[in-house]
Every structure is written in C-alpha cells, then in structure tokens.
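What follows is a set of structures to go through.
Below, chain A partners chain B and then partners chain C, in two separate complexes.
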Partner chain A sequence: MSEGNTAAQSYAPGTHPDLPAPIRTTGPVAWVRMNLFSSPLNVALTLVAIGLLWWVMPPLFEWIVLDSVWTAESRKECWDKMEVPEGGACWAFIKDRLRLFVYGFYPQASRWRVNLSFVLLAMAVVPVLYDKMPGRKFGLWYAVAFPFIAGWLLVGGLGLTPVDTDQFGGILLTLIIGVTGISFSLPIGILLALGRRSKMPVMRILCVMFIEFIRGVPLIALLFIASSMLNFFLPPGTVFDLLIRVLIMVTLFAAAYIAEVVRGGLQGIPIGQFEAADSLGLTYVKAQMLIILPQALKISIPGIVNTFIGLYKDTTLVLIIGMLDPLGIGRASLADAVWAGLSREVYLFVALFFFVCCFSMSRYSLYLERKLHTGH
Partner chain B sequence: MPASMSDGISEDEIRQPTKELTVGEDVAIEMVAVHKWFGEFHVLKDINLTVNTGERIVICGPSGSGKSTLIRCINRLEEHQKGKIVVDGIELTNDLKNVELVRSEVGIVFQSFNLFPHLTVLENCSLAPIWVRRMRKTEAEEIAMKYLERVKIPEQAAKYPGQLSGGQQQRVAIARSLCMNPRIMLFDEPTSALDPEMIKEVLDVMVELAESGMTMLVVTHEMGFATAVANRVIFMDFGEIIEQNEPHAFFNNPQHDRTKLFLSQILHH
Partner chain C sequence: MAVIAETGPDTRNLIARLWSNQQARSVIIQIVALTVVFAAFGFILRNVVINLENVGKEFNFSFFLYPAAYDITFSPFIEYSSRSTHLRAAVVGILNTMLVAACGIVLATIMGFIMGILRLSTNWLVNRLVYCFLEFTRNVPVLLHILFIHGLIVIQLPVPKMALNFADSFFLTNRGFYIPQPVWEPGAGIVAAAFVISVVFVVFFVRWAKKVQDETGRVYPVFLISTGAIVGATAVAFLAAGMPLSWSFPELKGFNFTGGLAIKPEFIALWLALSYYTSCFIAEIVRAGILAVSHGQTEAAYALGLRPNRTLQLIVIPQALRVIVPPLASQYLNLTKNSSLAIAIGYMDVVATVGGITLMQTGKEMETMMVVLLIYLTFSLVISGFMNWFNRKMMLVEREAKKKRAFFSFKTGTGEDS
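And then the complex of A and B:
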C-alpha cells in the first residue's frame, strides 16, 4: 500500500474490488529486471553468459554460414574457394554424400521404396502423437500396420525386388532401429513392469531375472551376442538376418529400462485407485488398461522419453558390428582421399541430425505432460 | 440426549428422513464365524452378522478396531481366512467370477474418495456401466447424469476431480457407485476427511439414499446420522462385535463398559 495513490483509498469491509497488479511486476522490462538483474549474483551470471555468447557465437556463425562453401567437387576446390583455407565449412562434401547419409547402400533403382516408407512413417506418426486428429481411430490402425507395410516395402519380396538388409544404412538404418525399438519396447516394457509386480511368484521372478540380466549387460555386449552368438541357440543352418537380431536386442534392451521406469510410475499410484477399480467390478486387465496404466504412464513420461532418446542415440553403436548408420557413413566417407580432412563438417552434420530428432522427442514429451495435466 | 453428539454435525442439522424407512425380509449379507488375520495379527474375531435388505447399519468403534476390515471383507477387498460370507446369495470364495459379480452388486465409498483423477466426473461415473455392464456410452452417460443430479452436482460433470471440493468429490464417489445400480452400499468413514462445512452435504445425500430403501453399512462416528437413519448400531473393539442395538437404546443405555467408555469419549470430545 506504500506505492502510488491507491494508498489513500479505503473500502468498507466486503466491498474491496480487484485492482490491477502494480506496473513494475508485469511487462517485458519487469521480466528482464526480475529474471536477469535481480541480484548481484544474477547480474554477474548474466554478464558472464553474454560474454561467453559474444566470444563463441560470431566465429561459429562465420564458419558455419558466412564463410562456408556449398558447391565444390573436392576438398581442395572447397578450400581454394575460401579466403582463408579451412576458414569456413565445406558443406559441398555433405551435399555430395547426402544420398549415402540417407539411404546407405540401398540400390539406386529401388530408392523410391525408401522415400515412400518415409512418407508412410510420417503419416503413421501423426495419429499416434496428436489425439485431436480427425479420423484418429483409423489412423491408429494404420500405425499398427505400418511396420509390416514398411518391412515389406524395404526388404522386398511378394512382387518387389528383394533388397539385402546389409545394404541398409544411414538415416534409413537409424530410423528402422529407432522406430522399431521405440514402438516395441514400450508394450514389452509395460508387460515386464506389470509382471514384476505380479502376485504370481514364477511370473515375478522371470521378469526380475530378465530385467536385471539385460540391465546388467552393456548394449555393445548384447549386440556382439546378437551378431555372433544367437546362431548358437538356433538349429544349425538357420539363416537369421543380422538386422533382425539387432532389432531384437535393441528392443529388449530398451524394454528392460522402460519396465523399470513404468514400475516407478506404477508405484506412484495410490492403493486407493486399485481398490476403487476392483470395487467397481473391473477385471484385472480392464483396471490396468483404464485406470492404472493411464495414470502410471503419465507419471512415467519423462523417464520413458529419456529412455527413447537414449535408445535412439545408442543406435550408432551398430557401427561396431559393421552396420553403417549416419555416423558410420560419415567415418567411411572421411576415408575417401578426395574429401579426407573434413571431419568437423561430418561430425557436426551427424550431431545435428541426432539433435533434431532427440530435441523433438523432448519437446513432444513436455507438450504431452502439459496436455495430460488435469489436477491442481 | 445432548444436541451435539460428535465433533461433526448434530442430529437436528441432518436432513431428517421424510419417508418411512422399512426393512425387507430377505437376507442381503450373511457373515458366519468370520475370522481374519494380518500376518500374526488377529484383526477380525468370530464375526457373526446378518443384514436384511433395506437395513441401515452404522458401525462404530475405536480406531484400529477392525471396522474397515470388516466392511472391506464384504466386497473382498480383504480376504477372510475362516468362516463364511454370503452376499446377495453368492458366497465369497477364491472364485474370481463370483468376486467380480459381488463387486458389481456392492458399492463402496471410501474415506479418501478414490476418484479417478485422469477422468472427468462424467467419465468416472460412466466407466463401470460401460466396461462392466457393457452398456452403450450414451446410455451410461444418461445414467451418470441422473445420479449426478441426485447428488446435486450435475453442473460439475465435465470437470476433473482435482477441481472439486472434498464434499463434491465424495458426492461424485457416491454417484459413481450408484451408477452400477448396486443392491448394497458400504461406506467407510465417508465424512472423516471432509472439512466441517462439507460434512452435511454428504450426509444429506446418504439420508436420501436410505429413504430410497438401499441396504447400507456405514462406518461413521456421526451419531446424528446414526440416530436419524440407522436400524442398528454396532460397536466394535479389538476385532470383535461387542454390542449392537437400535440407535436410541444404544446411545442412551449402552450395556458394555467398553461401549460406555467409547461413547463418553466421542461425546465429550
């Protein structure tokens, strides 16, 4: 009441109106004052941050954008075009290799199948992510069918020329492993989490053993097992595609982590929710589907997306068993004498690709959390 | 009798039943020599209780005496280990089908509401009719609205439970149970978690329910409610039914020393 002329104003009890907040607490100027310069420490931090940006951003911007070269036939030509050799990025290299980055060694003539799969993937993702989409029910059925359609398109057979999976590579390979891992690890992980909390001891012990085994072994070791040992357990003579084995291992690996994340979410559900569901006569499956899991998964969103992002980035590990994801393609390209020496461009490009994917997942998860927030 | 019988609401504040409260002939619940243990702890000891349809029973007793456990045995949220419980002609055994059947006929209202926070009020109420009774959605929603009107909050149908007051939430919980058209309603301290000004709105709904002839077992210390609608008040202590009587006799002329002690404690709160 010490500011302005409102101080003198007084109201009879019960008649005090709602007054606007003091000017100084709203608006952009107030925001800057309150958030950037509110205390000596804050002022210092703000200045340090501005200094750092000033130091890093201009040269980086120059290298990436202003002094970069977009058309050239070789590294030499690239550097010749620059005022200072190596003073800018040589994006011509990435442009030259872009198809390799996207398709790997997928046969030229059949690349339309990959393109079509990308389009179909985008169409499958939309109904899964946005519940307001008209005709979503149909969209979801289509999304369930998508892996099989895409599998047929990419591998061939049944009228399409077969393509060997060791010709898959680049972004195509990352998306295959990432999308398969993400879409299958979630349901498997949920089942594992429910199994781990089951009242049936055998079920519980099996789930615990599986989860703990998978979590206790590095993914690389599992991938080596996939590439070398799985045949050991299969009848002799069976040919079991390496990509399929990798997909299974990556999926199981992520599922074990998802299971623990979801178990955490399940533990956050008050016992009263289970009792209310039971007391209405819902069966176990219906109670889980309608009452428990929607709430548990909502709590688990940050952990689930975290696991997905980890999985997506871990797909680069397949290069150790000889598969060429974008990072592998990049490294292979650097071996080319015509372009050798441009490792910064390659790694930055690969990093950007992964960052765009993972950052989108992260933002989507925040959107989802906000949307699902119902209480106060 | 003193005007204020508990720390909650006095008898004359509660809406008095306007209809004659009648009791049917047939047995709704029968408990014979029921025992239950939590590990080594003997929580229910030789419980014998027969409830006729339309009867309204109030159960009271000190905290930890086994009141909740008793009524939770009736819809098998707790399993009894000895004796027999028959609800609406169906004996409660390990047969899951029977248990689900009994649960769809018996409603329960909890102290802490236990509404589903991720569903709207309307969805909370229509969920079980749709998924247990296999009703069409429109029909289930019609029924839900009917009961929401009966508990006097139809205007909150589209809200989420987190946006309602405690008293409103508890009334939604009652409506949710009623949507299953249950033959028996159990209440476990339905007003204990409520602020004083909201107790009455919930008790009034319960009085109305009693008038409609519902069989009710109510764990509560609201003695005003007990005198207004109960046929019988049961006093429990240490897992046993110590004493039972019709409300006036129970309050004015308790027989057992433990009952007298308990009544004096809640009356002179």
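And then the complex of A and C:
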C-alpha cells in the first residue's frame, strides 16, 4: 500500500473529511429511481398514475381556466363565446349568483348586518384559535357572547328591522347552522360523556339511551321530525321557528357523536389521575374541570374536529327539508331557464367552498395536536 | 384539612346533611333526574294527545293496509304496483335501502383497502395522487357527491337511442345502465345445490385446517383448495345439468331498452357516490391499522423464517384487523345511514317511501316517522352486532393469553397488572 499510491495520505482516526455520498444515492435522478421506479410494480404504478394525470388534468385545466367565460348574461351567450360549445366553464353564472350564494334571500337593505356578523365571527374565531393573542381572555368571553350578538343582528328586533329566518340562505345559513352546532354541541357532548361514565345508574342509562338513539338514526330522519313532527310535541298554539328546530336537532345530533369521542378520551385517562384528584379532596366538578377534562379533551381533539367537520358537511342536508344552503341555492339557480344546464360549475363551486372550510379545519386540528403533544 | 377540627354534632338542616353524604346525594340527583325526564315525557305525551285531537287525527297503524296509490320505479326484489298497500311500499323501501347499503359496503371496502394500501406505497407519485383524491373527497359533503354523480349520469350520458355500447350487451344511457340478465332454466337447482354444498364443505375444511395447523403446524393451501372446491363443484354441476343458463340481452325497442337487467341511474348514483365517499374514510382506517402493527413484528416473522406472503397473512393482517374493525363498523353504519339521502335524487328507499310519500298521503307524521326510526335502529343494531361478533372472533387469541396470565399471576400471588 505504499508504492505508486502517491496521493494517499494518512489520517488520524476520526479526522478524515466526509466524502460526498455515492452519486447513485443523491440528486433528482436517484430520487426518481428510489421513489418512482424501484421495482417492476412501482414502474407500472407510476406509469398508470402519469397516464391518469395526462388523461384528466389537461382537459380539466382547459375547462376550468383556459376556455372558461367570466362575463356573460346567459348560458347561451356563454356558450356562444366559446370555441367549442360547452368546452369551458361558464363562471359568469356563478358571478351572477354570487350574492345569492352568500346571503340567500336576505333583504338587500339589511345586508350590512350579515357583513357585520361575518366580521364579528372572524373576530370571535381568532382568540379561540390562537392562544398567543394579547388580551385573549377578553376575546374568549366575547366569543362566548358572539352567537347571541350575531343572533340579534341577523334576526333583528330590539331596534333592528326583523328578518324572517326563511329568508336566510346560502353561506350565511351554513355558517349559522355550523357555528351554532359547533359551539353548543361541545358542552352538551361533554356532559353526556360524563353522564355515560357516571357511577349513578339512572344517569348512565339515560345518557346511553339518548346517545345510542341519536347515533342509530340518520340525521335526515331527525330533520324530518323537526320539520313535520316537533310541533306535536309542544303545547297547542306554540309557533316555533323552523330554523330553531333545525338548529336544535343538528346540535343534539352532533352532541351524541361528541359524547362518544370524549368518552374515548376519558377512557384514555389512567385511573391514577382520578384517584389523585380524589385524594387531594377535590369535588367532582373541580376534579373534572382541573384534572380530567383538560387531559381527556386533549386526547380527543382529532375526533372532536372530525365530528365538527362532519357537522359542517351535514348542514347541506337542510336542503331536503326545503332550506336553501349553498347547495340548495345552486339547485334552485339551475332551475332558472336562463342558466339551466350548468350543473358542473355549481357543484364545483359549492364543493370548493366546503373543501376550503373543512380542509382548513382538519389542518388546524393537526397543528393543535402537534402543539399539545407533550409526550416524548 | 381544617374541617376535621369541627367534630361537634352537625346542626345543619336535613337536606344539607343529606347533601354532604355522597350516597344520599347520588340518590337525590338520580331521583330528580328521573322525575324531570318522566315529567318531560309526560308533558310531550299530553301535548301529542291534545294536538292530535285538535287536528282530528287518530294514532293507529291501520293505514299501512290501505292502497299506496303511488309508483315505485325501482323494485328489484318483489312485485309492486300502485295498487299495493303502504305496507308493501314500506317493504320495498326497506329492501332498496338494504340493497344499496350492502352494495355500497362491498364496493367501499374494496376501494378503501386498495386506496389505503396505495397510500402506504413508497411510490411518491401514487401516494400523492391518492392523498389528493382522499382529501378532496372527504372534505366535500356526501350529498353534493350524490347530486353530482346523478347529474353526470342524467345530463352527460346519451339518450337510449345513442347509448354508449359495449360489445352489444352493455349499454350506458341517461335512463340507466342495461346489462345482460342471467335467466335460469330448469336444472339450475342442481347447480345452486352444488354451490351450497361446496360452500358448506369449505367452511368445515377451513376450520379443520386451522385446527390441524394449531396442533401440528402443518399448513394446507387453504385458499387454493377452497376456491378449487367451490368453482370445481359448481362447474361440474353446471356441465352435468346441461348448462341451464341463458342470457337475456338488452335490446333497443322504440325509445328505450327492453330485456336485460336495467339499473336505474338513481341507484347507480347513490351507490357510487356513497361507496367512494365512504372508501376515503376506510382508506385512512386501513392505513392507520397497518401502520399500527410495529415493524418488529414483521422482522420477528422473517427471523422465524416465514416467507413475506405468510408473514402478511399470519402476522400483519390479523393484528391490523384488530385495529381496523371497530372504526370500520362505524363507517358501515355511516354508509347505511347516509343511504337515506336517496330522497334527494328520488331513489325509493325507506325514508323516501314511508317517511316521504306515505307520510304526505296519509298525514300520519307520528306513525310513519316512528316506523322509520325503528327500522334504522334495527339496521344499526344488526350491523354493530355483527361487527362486534367479528371483532370478538378477532380478539380471541389475545383474550386467552390474558386469561392465562391472570391465572398465573393469581397462583404466584404477585402481578397486579392494570
């Protein structure tokens, strides 16, 4: 190892500079080899995937962007503007109906109230989501009060012109049902979960019966009950707004699912925590509030957010009992002879709206999970 | 605790003293809760009676025996005409719900498992592609999927005259899909009997093979023998009976097809939309289940000399199934409940028949909705019962191990594990 090896140098152990990685294991080529063409099966899968993308993406892109028409007065005008009739999306339709999609049939003159409650909603959501906000405590109290403030703003009375709830619609209606359901179902769900794990047999049985009944029937049946049957349950002559009935049903429905999720979280708390709380002499309420629930809710965050996302998506079901959420507005707009036949645009638009809302909720839950993860 | 110092007789009133006794307190709370609930029910019952009297309605179920006087266009199992009773309409509705739920569960499971495994693939492109599809589909309401697919079929597909034609036997039109229908001729009973007998044989064979494997470690090619037995026996019987099967092909007559099996667009839309929507949730469950089996298990199996497919079959899948089955059951329940959205596109399921048209025609809100709720509760009980049974079967091995350990620790007087 000595002769003819002039370049050879000797290094003390541990002082040799790092050599570059072998050329075949780094760089884009190696990445492609490892991730896309590592085995015959992978080669086949990659080719199928590329083929699928090639087949779907360019026409879709052309339809949505390149060949789309943004200004027109009717479907006919839209299609006349295109090189190939129906070859592109007619976004002019959505533009024309955008106000309907947002406000429903809310009176024109009072729409500032809707806008104001959207702004107030955004202000209420921020302190709930970000714990580093200055003055968060005040913000949280405001968030608790928000549903009532918004209710007064939207429905009117006490100085504002009253607006019938059957004029609510579109994104406004989705947000009303979604926000009410989310903010009221969580406390009710937690109470139900605690009741289900209570040592008192009567409480336990009542909670189990309620939860299992709600979970066993479809929401649409409950909504039918709300729309056709609930009036029979109330004293004669009581007139009860349909929207309120729907809100109650949606909230109870979500609460039963939340209860199951929270129960899962409660079961994940080791018994030592309960015993420790007892040995400190904490009352039941204090033990739950200070020791058990903070831990249990932390474990159940993914499930709770999933339930919220489900609830938010389920708000579309109100269209079956004749309320006009974005999907209902879209269906109603399709019945208009001027625009009829543009169902793809409508469905894509509504789908995008729900996707943005629900996807951001699920991303936020992931962020929260990471932030609260105190394990090793 | 400072309270300990006060040891004198408790001079507070009776209620306060009872309240500070834990047992008495829990009894009081329960009595109050029960009273409130019964009072609420009583109040509701009273209101119902008064309200029904006011509108002159009686509470009874006899309307189920009256003619329904409405048409149901999709009734693949039993005969139905508008002269049939409401009861028959309800049965058609129940069967339609069961049909779409069963078909949906099968397709959703297959698609979900495929997508869940693709999500675990090391192939970056496939992985991302499936991820995008899953996230988009999951975050859009199922009702929108149903309406979209229905719209796609009804608006985009051609009329029967210009149907998309596959080999002159499969036709896709906007009035439904038409496929060849098998027509059984006399002698088909033998084939069916052979099939049933071979299935029974396979059930016993699988049990026996498992027993042999547990006791001696000998492994039979169970899958090959089972498939061979079922296919072979059925094929032999089919040939021996003189091929008692012919096909009825759909044919275009006038404006629509006759013959063959017509699948309505409502059914297809509901079935496809429910399946791919639910399959996205199943895919995540499958992925989580497989990831939950630690890599050490696979390595241990390899160290024991098991081949990869045996490892998957004997080590990974049984353990993954244990994690997968409980959430899978709730997805099946969700699919069944979501099938009630049929009413939005006019598929006549139980909500659309009993809770929809029958309710409208008879004005019996209470009775019809009670029936609908009861039917769904029954579905839920049956599905969760079946899945619990399956779950118990999967859990069996672990339970026995636990029992043994408990027995052991009892004998030695040590061990107090959780």
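Rule of thumb we're sticking to: the second predicted complex is superposed on the first by the 326 of 376 C-alpha atoms of A that agree within 3 Å, B and C clash if a C-alpha of one lies under 4 Å from a C-alpha of the other, contacts with A are read in each partner's own complex, and residues count from 1 in each chain.
We adopt the following convention: a residue touches a chain if its C-beta (ideal position, glycine included) is under 8 Å from a C-beta of that chain, and two chains touch if they have at least 3 such contacts.
What you see is a predicted model, and the numbers here were worked out from it, not measured in a lab.
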Chain B versus chain C as contact partner of A:Glu73, first or second or both or neither: neither
Partner chain(s) touched by A:Ser38 [first = chain B, second = chain C, both, neither]: second
Contacts of A:Ile220 with chain B and chain C, given as first, second, both or neither: second
Chain B versus chain C as contact partner of A:Asp164, first or second or both or neither: neither
Contacts of A:Leu290 with chain B and chain C, given as first, second, both or neither: first
Partner chain(s) touched by A:Asp241 [first = chain B, second = chain C, both, neither]: neither
First (chain B), second (chain C), both or neither touched by A:Gly281: both
Contacts of A:Leu372 with chain B and chain C, given as first, second, both or neither: first
In the superposition, chain B vs chain C on chain A residues touched: C
Shared chain A contacts, counted only where both chain B and chain C touch the same residue: 281
List of chain A residues in touch with chain C within their complex: 34-36, 38, 42, 45-46, 48-50, 52-53, 199-203, 206, 213, 215-221, 224-225, 228-229, 231-236, 281, 309, 313-317, 319-320, 327, 331, 341, 343-344, 347, 350-351, 354-355, 358-359, 362
Chain A partner contacts - residues on chain C that touch it in the complex: 1, 26, 29-30, 33-34, 37, 44, 47-48, 50-52, 54, 118, 121-126, 129, 135-136, 138-144, 147-148, 151, 155, 333, 337-338, 340-341, 343-344, 351, 355, 359, 365-366, 369, 372-373, 376-377, 380-381
Interfacial residue positions of chain B with respect to chain A in the complex: 75, 77, 100-101, 103-104, 106-108, 110, 112, 114-118, 127-128, 131-132, 160-163, 176-177, 180
Touch list for chain A against partner chain B, complex: 270, 272-273, 275-283, 286, 290-291, 294-295, 298, 372, 374-376
